[in-house]
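Here it is, the structure in full.
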Amino acid sequence: MSLNDLIFLLPELILLLAAAAIFILDLIGRRPDDPDTLMRPAKPWLSYVALGGLAAAALGLLPGVGQTRQVAAMLAADPFAIFFKALAILGVALVIAAALPYMRTRTPYVGEFYALLLVSAAAICLVVSAANLIMLYLAMEFLSITSYVLAGYFREDRKSGEAAIKYFLYGATASAVMLYGMSLLYGATGTTDLAGIAQALGQRGRADLLWLGGPAIILLLVGFGFKASLVPFHQWAPDTYEGAPTPVTAFLSTASKAAGFAILIRVFLSALPDLQPLWVALLALVSVLTMTLGNLTAIRQTNIKRMLAFSSIAQAGYILIGVAAVAAESGATAGPFDGINGVLIYLFAYLVTNVGAFAVVIAVENRSGKVEIKDYAGLIRRAPWLAVALFIFLLSLAGIPPTAGFVGKLFVFGAAVRAAMIPLAVIGALNVVVSAFYYLNVVRVMFFVPPEPDAEPVVVARPLQATVLLTGALTLLIGLLPGWLIQWADQSVRLLAWR
Amino acid sequence: MVPLTWYLVLAAALFAIGMFGVLARKNAVAVLMGVELMLNAVNINLLAFWRYTALGELVGHAFAVFVITVAAAEAAVGVALFIAVYRQRDTVNVEELDAMKG
Amino acid sequence: MEQLFFILLALLTLSAALMVVTTRNLLHAAFWLILVFFGIAGFFILLHAEFLAVVQVLIYIGAISTLIIFAIMLTRRIMDPQQPRFNSQWGLVGGLAALLFVVLAAVTTRVAWPTTSATLPAEPIKQLGADFVGVYAVPFEVASVLLVVAMIGAIIIARERG
Amino acid sequence: MEYISNFFVNLGNSWTSLLSSFLPPWAVILINFIIVALLLVLMPVIATMTLTIMERKIIARIQNRIGPNRVGPWGIFQAIPDAIKLLTKEDIVPVNADKPLFNLAPLLIFLGAALLWAVIPFGRGVIGQDLNVGVLYLVAVGSISTIAIVMAGWSSNNKFALIGAFRIVAQLLSYEIPMVLAMASVVALVGTMKMGEIVELQSIPFLLILPVAFITYILAAAAETGRAPFDLVEADSEIVAGYFIEYSGLKFGWFYIAEYGNLLAVSAIAATLFLGGWRGPFADQAPVLGPLYFGIKTILIVFLLMWIRGTWPRFRIDQMLALAWKVLVPLGLFNLLWVATMIKLPLPVWLQWAFILAGNVLALLVTLTLMGQAAKRYAARRGMVGTRA
């Protein structure tokens, strides 16, 4: 590792420094021998320090733009990583802005909350650029452990603690299983470098490769699937998404999930290209299971957080179509990266949309503490702007034009069609129809069911307004003018060590 | 000298036992203990592979050190969660954690 | 000689591991777990990884077991011997675990692992130390941040109210 | 000359070849193994027999008493009747005790005390096993005692025992960190973890280069052995006798032996790491002097610890934890960083060492000043006597 490499680590360094600064700034004025100062709420401006740190980290991405190289022996600096780092920073910034009024009334440790979110943003940056199994494992655990803490942040709340314990137990098990797969790969190749693994596996015989590759892929998929909440590694997701503090749910279901997809794509494409037929088949199967199960269960939900949790599982299924469609490489018509660019577009659109939807949920919950779908009755009268925003987000989640979700779905389904995976695309389309049913049910409740007589208008704090406005605008912008995102995604499919 | 496969079969057995503990036990702390068994199985794998296939570089060593470090951090957070939940519920039985259904 | 030692140690470790997952009394399970950790330290010595053996004792036995034992003691009602130790599907799970073992063992015996003829490095600890500030500098730093974050998080979650 | 300076190693070789002349190789290994193991096991017992009487005499002097004076000249054989008394006492196991663990704990704690001696060099070549991870091994073995203590506290089925165990585990874990930091600064200085090599490379006692590490180590050692002023675990007025309250007879004896075994062991480690171990004038020419020097240095440290015990009042638990986390850990961290930086400077070794010493002294002065100020603020807030307005 040389000092020159540090410039590629700027975003991570800035995020960690900002987190450390918040930890320390939060402590100033608190005295250990005086309980009153200990329980005093955090300084409100700390959130702006956090947002400033994120902005600085985004600027820190610039030196790495357009580069494709190995950094510090363990990390890949490539456009793919930059895309996901930008995604993570944007996602965490939106979540912090949305969390501003919500957290302050619910926990005394608000400063630490922002700091931990920054730390998890740094963790995602490391996850998506890991080019070595050791780095990958450490970064994923870094993200997981921070997430466990965030999920259990309301330690006096029954649901939050339960959410965190379930997340923790599933996560610890999944990472142990994934680790076993990594150890097999290390044993077979003598290296933990992703490119090195691909090279060593390429020299193996076919039968030998299957005996090793089959188990290794399944074991690795347990870990990645856990992060991306793919069926059948999704059991934690509904309870954790429902029980965790709502801003944390927004984070887990978007930025954290994107990290899972990023690492899945990177490892499978750059370390296991020789096993492609095997994992394409497996991912296609998982994709079908994920979207079908997610959608069918989402229909029955009455709690909006839980409904969005299952919807987010289903969305992971759609995204996975794009990864499976990578087989198009062999086809003559398509470019080599079709499918992956669809995944990137979809993830960006989904992140903006889902954070926006959760921001609306936060706004309603912050005022009333209610998270049932029936509590959204007559929202159009109590908070017209919120209702319109949620309407846009739900349209986008259902994939109806002119919203971001439509563009994302167009690209992943298109990739599947071009890869001649017609059944996959058909099942996806059927699922979209099913999902529209429960998304539009919320719209019906908001617009056409009269509000409870004692329902008050929803007052929304300014940072939260900004989040809703920004995400809503982005959702529409991507839906109407998707060119810039498509171009960016096309450029970002360049992976280090891609053959 | 002991053949490599002995170590690998041993690790597989330990991993399977740990997996059984994770899936069958009711108590959260017992589940955590199962996870620790699985992680130890992985460490045996890593060091056996280091010893028999890649002696030149200490990749397996370094990997195992990181696994142990992460295991410690994970256990600390996990135990904190168990204690917090026990304060609210008087139980850390996984099956009794059912505030949410659906 | 070495093979005999391996077999004895393996029997000890695996039976202790079985006790960990089947013992009714959780605290006894924790002490069986410590025995497993010792057994694994023994395997590390057999593999000429003395440093890892000592680290195993230091971290797993000194820190992680202590944490687990504290957790058991602080959540004491779970010690109640009347409670069933397994959930309802433990029979199915046992079958699955046995299947898992068979599959993994089959895999490990089928795959041709590349064997090396290299000799043990003279000073593995020195090389490891240099690696940690060289090749593994970034993971090493990440691990340190990870530990700090875990510590802060654990305090936030488990601290006494008020 | 060469033969003399490696006297003990050659002695061992001669012994092994003598055995080999009429025994198969595996029997030679077995016999040597048993001899070393016996010596290791004997060390804590020897420590108990000698140190108890020493401690009672010294504490008596400090408190202006005479101490034991009945058995033998000046009462030096007092330990023998004590041992007999202990052995003949009834062995009681509480009714609701967790019997397997209750019986295992004393053995385990004794094992922890005995294993420490495996890597301590008594003279050149006189060392059970010069592990290449020697220093780390010492720390790791210490964790066995922690487990044994928890086991004893839990299995007794007595709330005082359990509270005592919790307390001492908190104490042991807290003080392990400054202890490791102090040891690590020595390791950083010499670049090896082999105990034998650390002594060989110690041309001047490291006490003169790393006084802060030495002080940290001694305080941590006092805490690790659970001795006054860190004897909260045995605070008679609070929790009776701590984690081994329910033990009697021989099982109590194991704890007792382990306690004094640990005391001697931490002193021997301090002598090895900071006082040059077996080195001394003419130790190279006459290797027999080596163990003698080592013994004298060890006893000096033991005396220091007893002196501390005799003169300092007991800490409160919050004070004990605060000392570890707020004073010793930062100090140890600074020390380690300072040593690591200095040895990388392109300077002659003696100049590096001088810089390290200067940094140590400075750190010590700053710490003492800060602690003094904190004490004054504390006293002023509580309106205590002796505060200047």
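Should a chain be cited, it is by its letter among A, B, C and D, assigned in written order, with residues numbered from 1 in that chain.
To be clear about the criterion, a residue touches a chain if its C-beta (ideal position, glycine included) is under 8 Å from a C-beta of that chain, and two chains touch if they have at least 3 such contacts.
Computed from a prediction, not measured in an experiment: that's the story for all the values here.
S.K.: With chain centres set to the mean of the C-alpha atoms, which chain is at the far end from chain B?
M.R.: D
S.K.: How many angstrom lie between the centres of chain A and chain B, each centre taken as the mean Cα position?
M.R.: About 26 Å, centre to centre.
S.K.: State, to the nearest whole Å, the distance from the C-alpha centre of chain A to the C-alpha centre of chain D.
M.R.: The mean C-alpha positions of chain A and chain D differ by 52 Å.
S.K.: Quick one: chain B and chain C, Cα centre-to-centre, how many Å?
M.R.: The separation of the two C-alpha centroids amounts to 6 Å.
S.K.: If you average the Cα atoms of chain A and of chain C to get two centres, how far apart are those centres in Å?
M.R.: 30
S.K.: For chain C, which residues are shared contacts with two or more other chains?
M.R.: Only 51, 55, 63, 70, 104, 113-114, 116, 135-136, 139, 143, 146, 149-150, 153-154, 157-158 qualify.
S.K.: Residue numbers in chain D touching 2 or more other chains?
M.R.: Residues of chain D never touch two or more of the other chains.
S.K.: Of all residues in chain A, which are in touch with two or more distinct other chains?
M.R.: 134, 138, 141, 145, 148-149, 152, 155-156, 164, 180, 184, 187, 190
S.K.: Which pairs of chains touch each other?
M.R.: A-B, A-C, B-C, C-D
S.K.: Where on chain B is chain C touching in the complex?
M.R.: 1-2, 4-21, 23-27, 29-30, 32-34, 36-37, 40, 43-44, 47-56, 58, 61-62, 64-66, 68-84, 86, 90-95
S.K.: State the interface residues of chain C toward chain B in the complex, per the touch definition above.
M.R.: So the residues of chain C touching chain B come out as 2-3, 6, 10, 13-14, 17-18, 20-21, 26, 29-30, 33, 36-37, 40, 43-44, 46-49, 51-52, 55-56, 59-60, 63-64, 67-68, 70-72, 74-75, 77-78, 83-87, 89-90, 93-94, 96-98, 100-101, 104-105, 108-109, 113-116, 118-121, 124, 127-128, 131-132, 135-136, 139, 143, 146-147, 149-151, 153-155, 157-158.
S.K.: What does chain B use to touch chain A in their complex?
M.R.: Chain B residues touching chain A: 8, 15, 18-19, 22, 28, 31-32, 34-35, 38-39, 41-42, 45-46, 48-49, 53-54, 59-60, 62-63, 66-67, 70, 73-74, 77-78, 81-82, 84-85, 87-89, 92, 94, 97, 99-100, 102.
S.K.: Along chain C, where are the residues that touch chain A in the complex?
M.R.: 103-104, 107, 110-114, 116, 134-139, 142-143, 145-146, 149-150, 152-154, 156-158, 161-162
S.K.: Residue numbers of chain D touching chain C in their complex, please.
M.R.: 98, 100-101, 131-133, 136-137, 139-144, 146-147, 150-151, 154, 162, 166, 169, 173, 176, 193
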